[in-house]
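Before anything else, here is the set of structures, which you'll find just below.
Next come two complexes, and both contain chain A; in the first it sits with chain B, in the second with chain C.
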Partner chain A sequence: MGFQIDKESLIQPVAQWARVLCVCFICAALAFPCPAQTADSPDSSEYLIKAGFIYNFANLMQWPANTFSSPDSPIVIAIVGTDTSGGILDEVLAGKKVAGRPFAVKHLKRGMDLKGCNIVFVSASETAHLDEILHLVKNLPILTIGETPSFAQRGGIINFIVVDDKVRFEVNVEAAKQADISISSRLLALAKIVPQTDGSKVQ
Partner chain B sequence: MNRHEGRPQIAAGSVQENRVSARAGEHSRPSRACTPGTQRWRTAWSVPGDRSASAKRILVAVFATMFLVTSARGDSGQGAPDVTAMSVEDLMNMQVTSVSKRSQKVADAAAAVFVITQEDIKRSGARNIPETLRMVPGIEVARIDENKWAISSRGFNGRFADKLLVLIDGRSVYTPLFSGVYWDVQDVPLEDVDRIEVIRGPGATLWGANAVDGVINIITKPAKATQSQLVQVEGGNEQMNSDTVRFGGKFQDKGYYRAYAKYFDWASGNGIAGQNAADGWHQVRGGFRSDWTLSRADSLTFQGDLYNSREGETLTIPTLSAPYSETFQNVGHYSGGNLLGRWTRSTGNSSYSLQGYFDRTNYSDNSLFVDHESVFDIDFQHDFHLGDANEIVWGAGYRSIQDSNVSSFTVSVQPNHAHYNQFSAFLQDEVRFLDSRLRVTFGSKFEHNDFTGWEFEPNIRFLGSISKTQSAWVAVSRAVRTPALTEEGLRLNDVVVPPGAPPFNSPVPVIEAVFGSHQFQSEDLVAYEIGYRVQASNSFSADIAAFYNNYTNLRTAEPGAFFVEGSPAPPHGVVPLVAFNRMSGGTYGIEPFVDWKALSRWELVGSYSFLQMNIHKNSDSSDPTPDLPNGENPKHQFYFRSSLELPKHLQQNLIVRHVTQLSSLNVPAYSSLDGGIRWTPVPGWEFAFNGENWLNHRHTEFVPDFVNTLPTVVGRSFNVSVTWTSGKR
Partner chain C sequence: MKFHNLSIKRKMTLITMLTSTAALLLFSVSFLIYDLIAFRHFLSEDLSTQAEIIGYNSAAAMAFKDQAAATETLAALKAKEDITAAVLYSPEGRIFARYNRANIAKMTLPDRLPPADGFRFSGSFLEVFHVVSLNGEPCGRLFLQSDMSQWNARAKRYAGLLLVFMVCSDLLALLVSSKLQNLISQPILRLEDTMRMVSSRKNYEVRALKFYDDEIGRLIDGFNTMLADIQERDTALQGANYELKSQTNELEDEVARRKQTQEELLGAKRAAEDASRAKSAFLANMSHELRTPLNAIIGYSEMLEEEIQDSGRIEKVEDVRKIHSAGKHLLALINDVLDLSKIEAGKMGLHLEHFEVAGMIEDIVSTLEPTIAKNANRLVLQLSEDLGQMHGDITKVRQILFNLLSNACKFTEHGTISLSVNRATAEGQEWIRFRVSDTGIGIGAEHQENLFKEFAQADVSIARKYGGTGLGLAISHRFAQMMGGQIGVESEMGKGSVFTVHLPAHVTTEAAGTAKPKQLSGRAAAEPEPKLQPNTVLMIDDDPAERELMCRSLAKAGFHVVAVADGEEGLRLARRIQPVVITLDVLLPGIDGWEVLSRLKADSELAHIPVIVVTIVDNELKRADCGASSYLIKPVNRDLLVKLIEKYSELQPSTSGGGVPVNV
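Let's turn to the complex of A and B:
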């Protein structure tokens, strides 16, 4: 087929075509940024995967007996700091239930009260304030989840890490005990267990 | 924003993770002795080229097939997987792919930032760093011959373009000789690149003088991320052979290292008239990087590289005897090396880093010029939070530059041996208002150099979050470009006008020579920028930046008093053109970029760059050179890429580029259709087949300034690569 095509006659139309295509594409994309939001959201984005993990975590752990006021009171998840997921967690968990409990996702700023929460997700935006945030929830029955290096070592319970483009997680078992949260052994078997190395015992 | 001279880093109080990793970069270039002497070898390594009829036939067929496959697959979308129905094990096996990867890094920057990811590099089929930059809006990449480029940001392009700062892992690779970059010797194994951050517009407050129209940070992966062994072999008609070997290892949990070696050999190309340009080149380089964790807060990085490169060109230089110019095949030798160390300490609320490097470049363009440069740089930075609302960054640095050179009749730089010092300090505060919805960044760099004394480069930037997914920014900044060594002490004999010939009609030959001058001052820029970005969903992001740049004191070449010299013989007249600062004017432009995952397996990327330059000589200028920078830059550039994941571990890319004409260089507009296919049949093995300019629209991309190197034609080229990585699951 095509190898004998006269190159010169091809080039002009292609250049033209390329130009038109690019312009159309860019204009269309700029003019309609929103459709993309509704029309898709597929793809295995990092935060979609993380949302899946968070759902599973909720499923595979137990809070202390008196944590929830009624059998159908929601599991309250607070996102502290910039929502790096861009709202994916809200979307994924909407309408989902674990043991009959729905989810309620809140977006909080650093420094706000975290007492009523069951899960606190600390965004990467709060890296500089980890100690402060972790101190707030110390000894409370709250599952803390982070996404910054050394989050778990510094007293967080679970930390996401991305290795070779795959999401993995670390668990600080000691911190879970302090929070009186029991984590299923199935989950622990898949986690990278990390020790606590915070403030008091610098190593 | 943050960042000075050294380590790369995106502007503005951006994502912390980014800031941390950004500090961890750096790489290759400089040092070695060069073989002086021998001029004008006919290069034995000039080689066939891209022309073989049967190969063409195969290429076209393969390409056509790819096209069909593309269109056939266009429609089978998938919905988002229900991650709540998946087990933890399943989730652990999911590959992270997302548009947001690129944009998260830039979401909080009050500047026009573009991030080239590792995946972008693979998808682009780029064979070297200049080729990766072609996708970035606002950046002009033009190949002069096989081993020379003209690359700039927002105008003023040239082989010696002087308004763009380039850093590899925090080490400035800009040469004080002409304030530009020897692109031919800036290389790293592309597999080891973590990302390339490109900031258009001034970055002077953090990075200092010469970050006038842009900053490019090439950031390699930490050693921990390159623990596997890698062997890569590539070959094609243009890049005939390229081999990379890399391995990594551990120092008892406390540290990681990697080392690499790379060799490549490029065939020579052809001039526009079809002649062999003898511009082949080959290069060998090696290097290492090691990262140590000293304690929870402290980390240490050491890295270094060595290289040796041999490059051909067809060169025309003026002579004092008939026919008053000669054209020949010239060979240049470049060698160099560098060593960098960086200590970083991060505690809860602050971080410190101290970095030092040594960088040596030997340049021997036999017939023209020999130059040895040694740069020693030390740089400190402290970054801390003051209360809840302020994040302060300050730093200080010192740079020592040693230059020694050997002149020729064509080029000389005085003094032949010199030592220069630069001191700098900067301070910047980022203040957050309205729950961080508005961030104001302001600060300035203060810098002292031996030529113009103190320079200050302030900026102020506002970043506002319009909603969770949208933000807008505006910035006003000042930047300067301080004089290069050549602008102080150059003499370049550009042309010899034969006796009796117009315009001089002199009885003896007359040299038109370009001179540097001690009265040459810094060039100044005040830039006004505005931008908007949206991350509408996980699969769609767009970014648009616009700017107006107001330049003053740009370089001109003013005629000086005619004089006669007797040496070298025969006696001849000299018409000097002396460097002055008598040009000014404005440029403006707009640069949209869109990244859209149309389907879960289909990503579309598009960008457009518009640039209008209205630069003019001042009324007191009598610069006779007709060319203003206006016509040396394309007014429009388009880039479009489609990337498709196919079954059977295949991945296919298609790229369309269009660059409009360079009117004053008589370089016509060109289009290029590039692309290829990548196959990862089993973990650890990757096969790629890429081509550039499939339609073989043979074109030149630039005509060089100052040094009269023969530009060569870009034709169709293809490249096959096989990569093996150990232990990859």
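Let's turn to the complex of A and C:
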């Protein structure tokens, strides 16, 4: 038993396969937009990747059991600060689900209540107010994701970095523990683990 | 060596081993194949599992596009020796990360990837495809390739194991079968030994040993039964052989006994023949002894009669005549008895020659003239013109007629005796018929039957009245039969009798020496004799009485007689005096008459002289051989002798050439 495609066989199955392949490609294209280096604009491609990463993060971690009221309760993502992605996050995550839960994207201003959120994306625009924001979510089961250098060291759980023109990420395991969020070892294996430092030091 | 000719032992061992090997091989190979297929399946499952693990481990790296992490994950496959290559493809189909085993050159990657999980065997490689997904979301594909070294190693290990296993089990099979085949081969081999022993030594008492009660056991039973049968038959055969031998011995004894008996019989036969010869010699001698004195009696009584008549003492003539006639009668009796005894002994042969019938009749009549005249009878001759020659034994024909005419004369007084002779054809053959009739006393019908039997005269009284032995008709009858003819009689008492003789004109017989008398007569006729001394007769006879009688008779007839007593003297004289006729006695002192005769005929000077053999010994064969001109039996009828001598001395060629035996 192999994948021999017999020319003699009917055309219909081939056509079906071809259709399936097309659908797959389209899906893949939607789920994983082109890498940054091949994208039209650096920003949009970068955010496409970041959007995919966020989705994968949601896939590879678990919130405390009582976080969601029902099994199909959405995972609420709050984008704090200026949406540097220009709506790409909304776009990418809109139709996606993790373990049956859809995503709900909120755009919030600094200082707004973050308690109902599950994931908080801190935009690069809020670099100056990191400590403040992080302080707000401290000890809450909220995954904090940032795109500012030393975001993780200052108490953020995951921080996007760019290494060799590729988007990578750092994880602050201590912060995750404090937030009572368990991160999959598979995710950790790919991440750069950074220690917690005192948030007083500002670059 | 062909399998068929192998010994049963080897065959059975081979069969066992082949069977076990084949079964084992079949089992092992099928097991191996099954195991290898199962193992392949297991391998594919295993590889699929590995693909799943690797896919799981690399899913996050794929999801986060972490090529280094993915490559690192794949590099962990180094621990798996059989995996030659591993490739992770991005969802777009691009190679995301890859792994190649160090010693394997860059492999060619499949250009198309199947969209779902699966495995395939490509050449000696096992290839597995796996869709890598992260929490159910596909994030790439994994391609794993294994060179199935485990499988190959396993196959090799199995093959080696199988080989060892086979060798071991074959050895075991050899061991077991070489032990177990004895169960079957041993009885057969023993049976074969027994058979060889039986056939080589022919010893049927041997029995094959039975081991088990199986088919071979039954075969051995059958063989033993057969042997028992053969033994029984052998014994029976030997018994029969012994019996046959003993019977053969008995037969041989019997043959020996018979042979002895045969020899005894032969001896007896020789003795009988000797006795018979002695009897014949005795008879011949006796007749000679009887006839010699009779000659004297008859001869002297004749002379005495003449002298008495001359002297005129007529009263004595009758007495002398009685002596003379009694002597003649006695002589006739002796001759008849001799003839009959010869006929009885089968020694009377036929001497066939050609002769004139009329001439013969004339001779007889002239001889019988006195007899005819005796009873005042008259003879009437009726000879047909065509009589001509007859081929037969003239002596016997003459004797038959002589007997019949004598009888007719004897039993007729003052009557007529007629002899008629003619030639007739009957039964495809020419016959001469002689008919003698008389007007005498005749023969009764009751006597006619026995008329031709020996010693049977019509009446006993006849013998007294008429004399005679009664043998004449019997002898005539026998002679006629010998020549192929017959004699018949018709008669009535008181009116006379008619005797009819039928003889073939050409008598045929196988009797030897029939040609000799013809030659003799032919030669006698062919040689003319010169007339030298017409009146000299040489007489060779040792009997002085005979010599004197002959001399007197011949002197009276005007012949000069020279008489000698022995053959040598006779021959000497014959050369000197050249006689016209020689009379020769057979029984002579020194050389006998036959020798003298043959010497005379061998001598050219003397061969032409006619020789008249005068003898008592009636040897017809010899007289035919030796070439005598005539043959007279003693006592000699002197008138006949004188007539003969006169005939020869006048140089009349003899055509009939026969002597006339005296039979009166």
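One rule holds for everything that comes next: the second predicted complex is superposed on the first by the 154 of 203 C-alpha atoms of A that agree within 3 Å, B and C clash if a C-alpha of one lies under 4 Å from a C-alpha of the other, contacts with A are read in each partner's own complex, and residues count from 1 in each chain.
The rule we apply is simple: contacts are C-beta pairs under 8 Å (C-beta built on N, C-alpha and C of every residue); 3 or more make two chains touch, one makes a residue touch a chain.
None of the values given here were measured: they were computed from a predicted structure.
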| item | value |
| --- | --- |
| Which superposed partner A:V162 touches (first chain B, second chain C, both, neither) | first |
| Chain B versus chain C as contact partner of A:M112, first or second or both or neither | neither |
| Partner chain(s) touched by A:A51 [first = chain B, second = chain C, both, neither] | first |
| Partner chain(s) touched by A:Q153 [first = chain B, second = chain C, both, neither] | first |
| Contacts of A:L130 with chain B and chain C, given as first, second, both or neither | first |
| Which of chain B and chain C A:A99 touches, first, second, both or neither | second |
| Which partner, chain B or chain C, touches more chain A residues | B |
| Touched partner set for A:L190, first chain B, second chain C, both or neither | both |
| Those residues of chain A which chain B touches in one complex and chain C touches in the other | 1-3, 21, 25, 49, 52-53, 56, 60, 166-168, 186-187, 190 |
| For the chain A and chain B complex, residues of the former touching the latter | 1-3, 7, 10-11, 14-15, 18-19, 21-23, 25-26, 29-30, 33-34, 36-37, 40-49, 51-53, 55-56, 60, 82-84, 86-88, 92-93, 96, 109, 111, 124-125, 127-132, 148-150, 153, 162, 164-168, 186-187, 190, 197, 202-203 |
| For the chain B and chain A complex, residues of the former touching the latter | 15-17, 20, 56-57, 60-61, 64, 77-81, 83-84, 86-89, 91-101, 104, 108, 295-296, 348-349, 385, 388, 435-436, 468-469, 534-540, 542, 544, 592, 594, 596-600, 604, 606-608, 638-640, 656-658, 669-671, 673, 695-697, 728-729 |
| Chain C to chain A touching residues, read off their complex | 57, 59-61, 63-66, 69, 91-92, 112, 114-115, 118-122, 127, 129, 134-135, 137-139 |
| Partner chain C, residues of chain A touching it in the complex | 1-5, 17, 20-21, 24-25, 28, 31-32, 35, 49, 52-53, 56, 59-60, 98-99, 166-169, 184, 186-187, 189-190 |
